[in-house]
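Take a look at the structures listed below.
Across the two complexes that follow, chain A remains constant while its partner is chain B and subsequently chain C.
So, the complex of A and B:
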C-alpha cells in the first residue's frame, strides 16, 4: 500500500471512469469523481470544489465526446493545472480509439442536442471498457513507473474478468436477439449494438428534448406495432413518464443506470453491467 | 440552372435530415463543423436577448439602471452578443465578447465588452488575465446579461458600477490557494476612467453626487483602479454548495485631483441541487450581495471637499421547479447620501421587488416573464411587466458556478 501522499490523484468526470481508475489503480491511486451517478451527466454544476480536485490532480479521465462540454471547460480554466490540460501527460480522453456511433452528418440543433463527436454513451458497451482500461493503465504506468507492474496486474485481472463476464452477459441476452427496447434518451445504443438488441425508440422526441404528448402517442403506437415490452429508465429520468407509457401498452419499466453507484449494489463497473444485464434480461423474458 | 442547384441542394438537405436520427453503421468524421467545440480553432456563438413590456413609468431609462435592461415601453434589443473563444496556444485561452445593441432611435451600437487572454498553465495555482474584461467584483458584475436570473441588473449594480458594469482594460492575477476547500485570491489593476468606471474616473462632463467629472490621465500607479477579491466555497453534503466572497475597489474619481473612491462588497450563494437532477433540475439557489461606497469629492470653486457614503444590495432566490422551469424573487435596495444635487434621481434611495418565471425550451432558448414594483423617493411608484426572449447559436462557452 502506497502512502496517500504518493498516490496518483485521479479525477474522473463521470463515475464509470472513476470505477475503472479504481480497478486499475487499486491502493496506488486516489480517485475523485465529479458527476454523481444518479444525475444527468450533461448538466453537472461547475462547482468550485471540483476546481480544487482538478487543481491537485495528476490524471483526468474524461469521455472526450462532448458529454462534459457544458461544465468541464470552466472547471479546467479554474484549475489551471498543466498536467491535465489538453495534451498534458495526465489527460485521458476515454473515447480515444473508440468508434463512436451516431456521428451527425450535419450539425443542426433543430434535430435536438446533437453531440458533434457522436453518441458519448459508449461505455455502455463493455467491449469499450477494455480499451479504456488499457489506456488508463498506460497513463498510470507513465506517471508512476514504480507501480506499473501492479497496474498491469490489475488491468489484466480486470480484462480477464470482463472477458468472462462478457460471455455470461451475451449468454443471458442471447435469447432476445433483435428484440427492441424503449429508452428515454439514446443512452443504450452501444449496449444494444453489443448484445444484439434494438434501441431506436426514445421517449425524447429528439436528443435532449423533453417528451411531448404527441411524441409519446407515437412511441406507444410503435410499442404496440413492434410488440416492445420494455422501457428502460435511469435514476434521473422521469419514471412517471415511463410508467404512463408502460401502463398503456402493457410494458414493464426497468430501472437501469449507466453509472456505477447509481443503483443499489452497483459499486463497480462490472457490478453495474451485471445489474443492467440481469434487469433487462429478466424484463425481456417476461 | 439556379433552380436546379437549389432543388439539388434542398434534396440533399432533406436526405441528410432523414439520415440523422437513423443509426449510422459507419460513422464518418465531419470534414468541417463550423463553430463546433473541438472542431475549430475558434468557437463562435451568438446570443440574442430581446425584451417587450410596459411600465406605469414612462421614463423607463430612469427606472432601469442597466445599459442592457429594457430601455422603453414596447420592444428593446437588450443585448446581442457575439462571443469568440478558443485556445490561443498551450499557454493562453482567449475570449472576446462583442455586443451589439439597438437604441431607442433604432441606431445600432457596438461595444467591445470583453477581449482578454488568460493563462492556462502557470505553476503554483497562479493565473494571469489581461485585456479588456468585466472586473471580478461580487457575483453579478463579472457575468453577462444572458446568464442572469432576472430581466434586468440589480439596482446596486447600476448605483455602484453604472449601466455597463465595472469593466476596463487591465490585468488580473489570481492565486488558487493550496487549501482543502476552494479558496481564491485575486487582484486586478485596470484603467480607472470611462463610462465603464462610473464610480471612479467616469466620463468628462458626467455628474456624480451633484459634481461634474473631469477625470485625469494616468500619471502614476496610483491613478489606476485596484480590485482585490477573495472567494471561498465548500460543499455541505452531497447536494448543497456555498460560495462566499468579499471584494473591494479602490481608485481615483473624476471630481478633482487627489479624490478617491472605495467600494466594498460581500456576496454569498447557496445552492441545493437534487442528487437525481434531470437537466440540472430541481434546484434552489439563494444569492445576495451588499456593497458600500465611500466617495471623496474634491473641493470645487463653489463646493467644499466632502465625503459621500452610500450603499445597496439585493437578495434573490430562484427555484428550479422541474426540468426547464424556474420561479424567482428578488428584493433590491439602495440608499445613503444623495450628494450636492438633492433632486438628481440617480442618487435617491429606492427599493424594488421583482418576481420572475422562466421557461427554457432547451438550454439554448428561454422565455421569461417578470413583474417589478419600484418604490422611489420623490417619484411615483412604478409597476412594470417585461417578457424576455433569448436565443443562442453556436458553441457558447460554459458558465462558471
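So, the complex of A and C:
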C-alpha cells in the first residue's frame, strides 16, 4: 500500500467520476469531488477548498462536454496548476471517445450554446462508464507507472462487474421496451437509449428554463396521449412541479439520481445504477 | 504563502474596492433607501437579459455591457424622478416595485433563451473567490474615477443626502444632481455585484454606514469607522473560510456573517459609550 503522501491526488468535477476514480485507484489515489451529488451540476458554488484541491491535484477528471463550463474555468484560473490545465498531463476529459447524443445541427445562439458539444449526461449509459474507466486507468498508469498493475487489476474487476450488472439491468428493464418516461431535464437520454426506453418529454421547456403553464399543459396532454405513467425527478430538481403534473395525470413520481450518493445507499457507480434501474423498473411495472 | 498565491486577488478585491461602497452607504442609509442597490443591480441585469434575448453573448459581445449601462442610467433617471418632495408614498415602496418588476421582466425576457438562467446567475451571484486580476484592476480604475467625481463635488452630494431643505433653498436642481448620484452609484453597484454577489454588496453598503452612525455624529468619523469595519469584516471572513479547512465554509456567506458580528460589536460599543456619557446627541451635516 502506498502512503497517502505518495498517492495520486485526483479531483473529480462530479461524483460519478469520483466514484470511477476510486474504483480504479483504490488505495493508491486520494479522490476529492467538487460537486455534491444533490447539487445541480450546471451550477456549483465555489468554495476555498475547491481551489485548494485543484491547486494540489495531479489529475482532474471532468465531463468535457460543457456541463461544468459555468464554474470550472474560473476555479482553474484561481488554482493555477499547469498539470491539470487544458492539455496538461493530468487532465481527463471523460467524453473523449464517447458518441454524444443531441449534438445541435445548427449552432444558433438563440437556442443557447450551453451544451454545443451535445448532451453531457452520457454517464447514465453504463456502456460509457467502461470507456471512462479505461481512460482513467490509462492516465493513472502514465502518471504513476509503479502502481499500474494495481490500477489495471481494479479496472478489470470494475469492467467485469459492470458487464455482469449490465445483463441484470437489461433483464430488469426488458419488459418495458419502448415505454416512455417524463423527466425534468434531458438527463436520461443515454439511459433510455441503452435500455430501450423513450425519453423525449421534459418538464423544462428548454434546458435551464423553469416550466411555464402552457408547457406543462402540453406535457400533461402528451402524458395522457402516450399513456406515460412515470415522472423521474432528481434531488436538485423541482419535485413540486413533478408532483403537480403526476397528480393531474395519475402518474407516479420516481426519485432517481445521476450521481452516486444522491440516493440513500448509493456510494458507488454500480450501486447508483442498481438503485435507479430498480426504482424505474418498479414504477413502470405498476 | 498560500495566501499570496491562491488568494491574492480576492484579498486585494476586498481591500481596494469596498471603500467607495462604504461612502455610498452613508448616503443610502441617510436617505433611507436601503434596497436601492438591489433594485439597480436588478435593472442592470435586465439590460443584460435583453441583450441575451437579442442573441448577444455575455463575455464576448459588447451589447450586454452597453445595455446594462443604458438600463442602469434609465434606473438612475427613474429613481431621481420618483424622489417626491412630500412623500405620502415612501420612496422605498417604489424601489421595491422596481426591483420585483425588473426581476420578473428578466425572467420573461429570458423565457425563450436557453442560456438565460446562467446569464442572470452570473450577473447577480458573483463570487469573490473567483475574481481575476483583470476584474480587480478594471473595477478599481472605475471606482477611482467615480470617487474623484464625488470628491470634487462632495458638498453638493452631501447636501442632497443630508440636508435636502438647504439644497432646495439654494435652488439646486435636485433631479439633475440626484440623477448624477444614482448614475455613479448604479455603476459602482453593478460592477461590484459581478465580483461579489448581491449579499456582499448589501453588507458592504449598509453595515459599515450603520456602524458609523451608531458611533459618531460626524460624517468624516463615520466614513473612517465604516472603512475599518469593512476591512476587518471582509478580510476576517476570507481568512475564516480559507483557514477553517474542516468547516469548509463558502467565502461570501462567511463575510456576510462577519459583518453581522461587526454590527453587534459596534452596538455594544455604543451602549458602553452611552453608559459612560461620552456621546452627545447631535446631527451630523
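We take it that the second predicted complex is superposed on the first by the 279 of 286 C-alpha atoms of A that agree within 3 Å, B and C clash if a C-alpha of one lies under 4 Å from a C-alpha of the other, contacts with A are read in each partner's own complex, and residues count from 1 in each chain.
By our rule, a residue touches a chain if its C-beta (ideal position, glycine included) is under 8 Å from a C-beta of that chain, and two chains touch if they have at least 3 such contacts.
Source: prediction; values computed, not measured.
Q: After the overlay on chain A, what do you see for chain B versus chain C, clash or fit?
A: After superposition on chain A, chain B vs chain C: clash.
Q: So, A:100: does it touch chain B (first), chain C (second), both, or neither?
A: So A:100 only meets chain B here.
Q: Pick one for A:42: touches chain B only (first), chain C only (second), both, or neither.
A: both
Q: What's your read, chain B or chain C touching more residues of chain A?
A: Greater contact footprint in residues on chain A: B.
Q: Between chain B (first) and chain C (second), which, if any, makes contact with A:212: first, second, both or neither?
A: second
Q: Is A:74 touching anything from chain B or chain C once the two structures are fitted on A? First, second, both or neither.
A: Both partners, chain B and chain C.
Q: Should A:66 be classified as contacting the first partner (chain B), the second (chain C), both, or neither?
A: In the superposition, A:66 contacts chain B only.
Q: Could you tell me if A:51 is touching chain B, chain C, both of them or neither one (first, second, both, neither)?
A: both
Q: Looking only at the overlay on chain A, choose which of 25-33, 61-69 or 115-123 in chain B hits chain C.
A: Clashes with chain C appear only in stretch 61-69.
Q: Share the list of chain A residues that count as touching for chain B in one structure and for chain C in the other.
A: Overlap of chain B and chain C footprints on chain A: residues 42-43, 45-49, 51-52, 55, 70, 74, 77-80, 109, 111, 113-114, 206, 208-210.
Q: Enumerate the contact residues on chain A facing chain B in the complex.
A: Answer in residue numbers: 36, 38-40, 42-43, 45-49, 51-52, 55, 66, 69-74, 76-82, 85-87, 99-109, 111, 113-114, 116-118, 189, 200, 206, 208-210, 235-238.
Q: Which residues, counting only chain B, touch chain A once they are in their complex?
A: Contacts found on chain B: 13, 16-17, 19-24, 27-30, 33-39, 87, 90, 93, 118-123, 125-127, 176, 179-182, 184, 231, 233-235, 238, 241, 243, 271, 273-280, 323-324, 362-364, 395, 397-401.
Q: In the complex, go through chain A and note every residue touching chain C.
A: Touch list, chain A to chain C: 42-43, 45-49, 51-52, 55, 70, 74-75, 77-80, 109-114, 205-210, 212.
Q: Taking the touch rule as given, give the residues of chain C at its contact with chain A in the complex, in rising order.
A: Chain C residues touching chain A: 2, 5-7, 55, 57, 107, 110-118, 121-122, 127, 129-130, 132, 241-242, 245, 248-251.
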